[in-house]
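Quick heads-up: structures coming right below.
You will see subunit A twice below: alongside subunit B first, and alongside subunit C after that.
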Partner chain A sequence: MGKFFERPLVPDDLDRVEGKEKVTGTASYAAEYDVPGVHYGVLVNSSIAKGKISTLNTREAERSPGVVAVVTHLNRPKIPFWDNPPEQQDNKRVEGQEFRVFFDDTIYFDRQPIALVIADTFERATYAASLVKATYKKESPSTNIKNNLDKALTAKQAQDYSRGDKDALKSAPVKIEAQYTTPFQVHNPMETHAATVVWDAPDKVTVYNKTQATKIAQQDIMRTFGLKAENVIVHSPYVGGAFGSSSRVWPEEMAALIGAKKSGKPVKVMLRRDEAFNMVGYRPTSVQRISIGAQSDGTMTGINHEAFGSTSQYEKFAERIVDPTKALYNCANVSTSYRLVPLDMSTPCWTRGPGETSGSFALESAVDELSYALKMDPLELRLKNFAEKDPDNGKPWSSNYLKECYESGAKKFGWKNRNPQPKSMQKDGWLLGMGMAAGIYHAGRSPATVSATLRSNGTLLVQTSVADTGPGSATIMTQIAAEAMSIDVRKVEFQWGHSTLPPAPGQFGSQTTASTGSGVYDAVKALQKKIAGMLSGKQGWAFSGLPVEDISFADEMIVDKNGDKVSYDDALKELSVKEIKAEFESKPTEEREQYSGYSFAAHFVEVLVHPETKMVKMNRVVCAVDAGRVINKKTAASQVYGSMVWGTGIALMEEGILDHRYGRYVNNDFANYHIPVNADICHVDVLFTDKPDPILDPMGAKGLGEIGLVGFAAAVANAVYHATGKRVRDLPITLDKLL
Partner chain B sequence: MIAFDYVRPNSAKAAVDAITKDASAQFIAGGSNLVDLMKHGVVAPQKLVDISRLPLNSIEQSGNNIRIGALCLNSEVAEHALIKEKLPLLAQALNAGASPQIRNMATVGGNMLQRTRCTYFYDLAMPCNKRQPGSGCGALKGYNRMHAIFGASNSCIAVHPSDMCVALAALDATVIVAGSKGERKISFVDFHRLPGDTPEKDTHLQKGELITAVEIPVNDGFAKHSLYTKVRDRASYAFALVSVAAALDLQNNTIQHVRLAAGGVAHKPWRLMAAEKYLKGKSPTESNFKAAAEAAMSAAKGYGYNDFKLTLLPNTIIHTLKTIAGV
Partner chain C sequence: MTNDNTQDKQEQPGELLETRRQFLKQSSAITAIALVAPALVDAAEKKLDEKAADIFEKVPLSIEINGKQHQLSVEPRVTLLDLLREQLHLTGSKKGCDYGQCGACTVHVNGKRVLSCLSLAVMQDGKKVTTIEGLATGSTLHPMQLAFIKHDGFQCGYCTPGQIMSAVACINEGHAGSDDEIREHMSGNLCRCGAYHNIVAAIREVNAKGGKS
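Take a look at the complex of A and B:
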């Protein structure tokens, strides 16, 4: 295992296999498929956040040139699963009643779709959509979490947690207690959500959409419309960013499905940017209270973390907001609670580091506050409370190089040059602050099925339905296949992103490499075993009758114990077959259950704060990450760069703002919802421990998609405190909070 | 489709005639704001009069004035040698605005006539007296972090979004306009209006009038000692929370002349006359700058979310003046 990826056949900086298609514009995204006869659907959205539709006048829109249908709750076709729901609904990923577009006259959230106007051109559909007139029976919406904490609910996925003595905090000699809040944050992938739908027959549909999981989309669609799995084909090979927002089927996809059914035309729907703020998921806002107690030497004696997160009125969306608190520090007495506050908004959804990102802002800010209360270096405090095994369940870590992250990060950053006194450092007339924080993220692995086919032209075809939403998974799978097979990486063809391919888990939870990568590895090993068996079974040549385990694959050759060799092409010729295919379902091992698997990170951030205007500039960042073995150093570093950019946005500027009087967004565009521009981003050094995890998967890789974000905002907030002496506990840290 | 006519007259006079005859006609040049407004349904002109190819795009000095044609692109002005040398404050303000792509489309005249970015103005489902007179002001008791602290009314607390205009106000520019009755000149500080009870009107331009140029007097002292400071939520491509354009004519450690204007604080670029008056004839010291900033703020009023501007603006004034004076 230690030798994995040390062979020259597979460079560890392989360029993205789909890079050329993407940068030359030949990659087709969901709204770019050239479907004959396609029509364009434009949504009409409600102008209220809560109430009922009283009247809906579509007459003028229907008469408008080019319009073929206007679909509303009044004329939609029957939808089997919605109109006659089964009593038992199992396998729900989100507790509650999913949103059903055009189901009835109820308005649950602002800009809820109330009609789909379908026309022969996008422009005609857009104009006709402006002619649809609705009147409402309005009710007063609740969208402010702080005013509704008393209405908080418990959720099945958010049980209270406690270990040790809940009251240990009370007697702690040093104690801090504070409330932290995080705002709504919106994924805002570059490509807005879109779907192109073709009903090939009344019971057969092809969907080109934007999804992190073609299999989940397929299942949701087949269930909703009562179709057979093989009659729902989902294509989503290219995704222009998703970050969790494409992990379930959304109203624009359902609207396109319903609209195409109603109109009898292929229909394409693509959201405008403003529609993508409160319809296709977002990171819920949170209110968190944390107290930490410690002995005067820094030993943590108790942590209490109470969190409130927002959800919709129709579903209980729960994330892992208190999870870092359970596992990051060696503290015997920890209690957490997590409640959901229903608001008159659409349901939030998984958003990069879902829960951990918001929760770690509170936890890692609080640990920083504790360090000042103790007059102790925040890095030393973290080392003092380093957990040698998982404090949540007592299991050993599958691997944990967090200490090495602390050490290498601090060294690269120059942490020892930090004057611990806030407001003590300056650069070019600006206040300089240094802050740090730790990150922890569950290293998951799910079953994945992959097929591997050796073909007579000497190439290896590898297929699975996994998505590649941008992290470079297709490239990594190609590398893993080449390495496992011992074949030149240029001879590997990897196919992904279609529901017709073998099932792989969705691309979320930082588990693609561990899950699907293992699937690729295991499928190739199964293929090799099959080839070896066939060679051994063939009479009258060098390999005849050899035990399969004596036949190995090395340097693009099949080799036996005696050194006899045959090339892959010649083996196929010898066996008189055009190709050999193996399919394998790869699952986590039982051994894995004995261990606790996490990725870790240490973030070091330097900010500059203007003494008079209080503008904050990122000056320097070092992220040291333990994500196990790094398979592709380019795509891996890009994951962390991306996390750092989003983390900068979360720390300093991102905030979804509603006018609570109307329950309506007032900044749902890129002029007003600020994400960092190039000029906001500073130099960042990414350091990987690059040590394989011996337990989780054959490659030794742990998840990398989210870990870069977990703790990052706290590191920035801690640096701002160090620069200014001002503790901002409410994200984002806009300059008005520092004046 | 929302149908509209499009005409492209060959002369300024023909352009003025085309607008004068048609109540709902509007000029279009770079279109970097008007097209957005049309897409949002905020405005729906029945005729667009494209002036972008009229010969109003020269930059020249005559005597003590620099004249900039109304159709010069923002990027052309910012990069013009004469402007960089004689009016660096204007070049800085232009480069602080929008993005390179937008500056390559937007014209000087269009920049002056851009509408507020108040979110209630753009959202047809929200009340806005500027968009729909009599419907109320959504921002007054709503989300008003970007809004005015000077000269607002209960009808409207929106701000003018331009950076360029803040520098032009500070530099005592004059706007040259052509109308059906000939040419007239409007002092820049009198070009934009305060909202009062008619916030739907942004400027004192009469129907049919076309901006043909701006004229800016040159002052070598100002050219040596001027600075545009823009404070915003991110490093680029964001409107000003507040901005300050300042120029000092310093001789023998005395402020002979001073110009101060602020952006992001009012319905128009806000000339800080009281602060100017205070500083004239004084020495450039931090304490004088503080007193001037205090004088500047006497009429300021916050509306809740924007209360921080009452601290941020004086801080920014002091920072800008200190930087210019090197104290």
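Take a look at the complex of A and C:
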């Protein structure tokens, strides 16, 4: 363990294996399959956020040219799972009742789909959708979390937590207490959610969709329509960004499934950008209160973190908002609570750095506030409270190079040049601020099954259902396979993103390399063992009767202890087989249970704030990251660049704004919901500790997709405070809050 | 349904196109209606709403796409982007917002970058369109495509065709003189994965190598 990739055979800056398809436009996304006879489904959405549909008139739409069907709750086909009694609708993945599109006349959220119009062209379907008329029995919606904190509920996934003495911070000589809020943030992947559905038979369906988990999508569809696994085929090799928003099946997929069943035609549904704001998840809004107490030398004596997050009226969605508070600092007395506030909106879902991102904004802003109260350098304060083991459960870290991140990041950034006094530094007539923050993110690993096949042309085929929504997993899996098999990387063919391939966990929670990567490693090792066994079992040649462990694989040759060698393709010829295949289910080891596994980061941010207009410009960023062994330098750095772009958006611009009178988004497009553009981004230096974790998986890798985002928004807020002397606790930090 | 003379679909478009041509030959609208009216009545009697609609709704379009001339018949409401994606199956041009706010649909029209989602197909009559599918020369990738791969200028790949078409234009326009200038002139192309850093690196390199296209 840990030696793997020490001196990689495979270049550690390998270009993406699917790069050519992506730069030539030949990669096909969910709405781009050339399915013969495909029809276009366009949704009609409710004009109220809460109430009942009174009348729904589809006659004119049905008569419009090209229309083959209009599906509503009044004429939808029977859907076995939904039409079961409630006690038989137990979807293990949600707490509450999952949303059922076109189920009945109830409206739970604004612009809820009420009909799907299916026509032979997109334009005809779009026009006909405008002809559907509905009337409603309207009720007054509640969408403002701050007005509804008294209605907060607990969720199974979010129990109160306490260690040590809850009242310890009352007697602390230095204490800060503050409330932080974060708004609705919407994933907004560049590809809107889409699905193309073909019912091959009444009990057999093929779905081209946008999912981070073909197996979860397959199971959701099987359960809903009562189908066998082999009769639900989900293709999703190319996903145009997801960030958590494709971790379950959504209304547009169900609408396409129902519409295709009803019309008897293949149907594709692609959401408009405005529909992507309220139908396919988002990051819930939060209100958080944090108190931290410390001795005058900076030793933290108590932390209390109370969080409220929004959810829908029909499901309890809980994220990990208070988790960083439990594990980041060596503080004996910590208590957290997390309550859900149901609003008349669709259900939120995992959003990059789910929970940790909002929670760490509050925690790491509060730690910065504490540093000023203590008159202590914020980096020094963090080092003072560095946790040598996981303070949550007392387990040793599987690996923790956070101190090295602090050190290397501070050095690269020039933290020592910072004048601690707020509003003391300037550059070119702008106020200059330097801020920093830490990040922590759980290093997960789930079981993954992978198959590896050595073929007679000397190539290795590796297959698993894992998705690659952009992190570069297909490339990394190819590298791991080549390294494990000792084969030229160009001879590895990796297949992914298809439900008929062996089961892999969803690509979320920063666990893909650790889970599926281990699966690839183990499958290749199982294949080698199988080949060695077959060689040993064959009579009358060099390898006959050798113990399997004496046969090794190096430089595309199979070698025995005496130095006898045979190439991979010659071995297959000797054995008179065309290919040898092994499949292996890889699981976390028991040893892992004795350790606490996390990725860590230290973010250093420099901002410039215009003294008159208060415009904030990102000027310079250093992110130092401990994500274990880095398998691909290029794709790894890209993950951190991407997190920095997300963090910039969250800190400075992203906010889903609702008109609470109507429970309706007023900024559901890119002109009004701002995400960072190229000119908003500054230079970033990404530093990796690149030290293998000896416990978590054979590659020594920890998760990397989210860690760059956890704490980042706080680092920006802290830099803005340092520049201006103004503490903004309510994201995003728009200039009106600095005036 | 588009009628692409270079590759006829199952439906026979001849009759329809012929009627359309006759329609256009008439300078007087009254004459045109008089000519088409029997067909309309016939269509109505047979409840062939669609055929009547087709006659009125479609307009001929002569357009060169990636060096290939197309004679098409399209509804005036069809955008260039939907024509490319849904009728010609050139799905490299992406739909990210459909409102001209994201740049994923960027193509070149007569050598200039254009948002195909904000352009009606019929307005491109007689013009030359280049999409991402037409950027490479045979199997040889364009220098910008190679630079995007080398510098990891993408992750999910969805905004990538638009970024690349914009990047090529950015250099041709002379707007790639510095990183700041590149950032400014590439800010119409959103990337949610956050590959901006690497996109700038790719453009900088191609520009430094005099990579005009």
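The definition used in the following text is that the second predicted complex is superposed on the first by the 727 of 739 C-alpha atoms of A that agree within 3 Å, B and C clash if a C-alpha of one lies under 4 Å from a C-alpha of the other, contacts with A are read in each partner's own complex, and residues count from 1 in each chain.
Assume contacts are C-beta pairs under 8 Å (C-beta built on N, C-alpha and C of every residue); 3 or more make two chains touch, one makes a residue touch a chain.
The structure presented is a predicted model; accordingly, all values stated were derived computationally and were not measured.
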Three-chain arrangement built on subunit A, subunit B and subunit C clash or fit:
fit
Contacts for A:T734 in the overlay, against subunit B (first) and subunit C (second): which applies, first, second, both or neither?
first
Under the stated touch criterion, which partner chain does A:Y662 make contact with: subunit B (first), subunit C (second), both, or neither?
first
So in the superposed three-chain picture, is A:L383 touching just subunit B, just subunit C, both, or none of them (first/second/both/neither)?
neither
After the superposition on A, what does A:P676 contact: first (subunit B), second (subunit C), both or neither?
both
Looking only at subunit A, is it subunit B or subunit C that touches more of its residues?
C
For A:V548, using the defined touch cut-off, is the partner it touches subunit B, subunit C, both, or neither? Pick first, second, both or neither.
neither
Could you look at A:E123 and tell me whether it touches subunit B, subunit C, both or neither (first, second, both, neither)?
both
Superposed arrangement (fit on chain A Cα atoms) - minimum subunit B/subunit C Cα distance in Å
5
Let me check the overlay on chain A: which residues of subunit A are in contact with subunit B and also with subunit C?
65, 123, 127, 671, 676-680
Residue numbers of subunit B touching subunit A in their complex, please.
1-2, 41, 117, 119-120, 123, 125-126, 138, 141-143, 145, 229, 231-239, 241, 308, 311-312, 315-316, 318-319
In their complex, what parts of subunit A are in touch with subunit B?
47, 65, 123-124, 127, 130, 610, 612-615, 617, 652-653, 657, 659, 661-662, 664, 666-667, 671-672, 674, 676-680, 734-736, 739
For the complex, give me every residue of subunit C touching subunit A.
1, 49-50, 53, 75, 77-78, 82, 85-86, 89-99, 101-102, 104, 131-133, 135-136, 141, 145, 148-150, 152, 154-161, 164, 180, 182-184, 186-200
In their complex, what parts of subunit A are in touch with subunit C?
15-16, 18-29, 31-32, 34, 40, 63, 65-66, 120-123, 127, 187-192, 238-243, 270, 272-273, 469-472, 634-635, 637-638, 641-646, 669-671, 675-681, 683-684
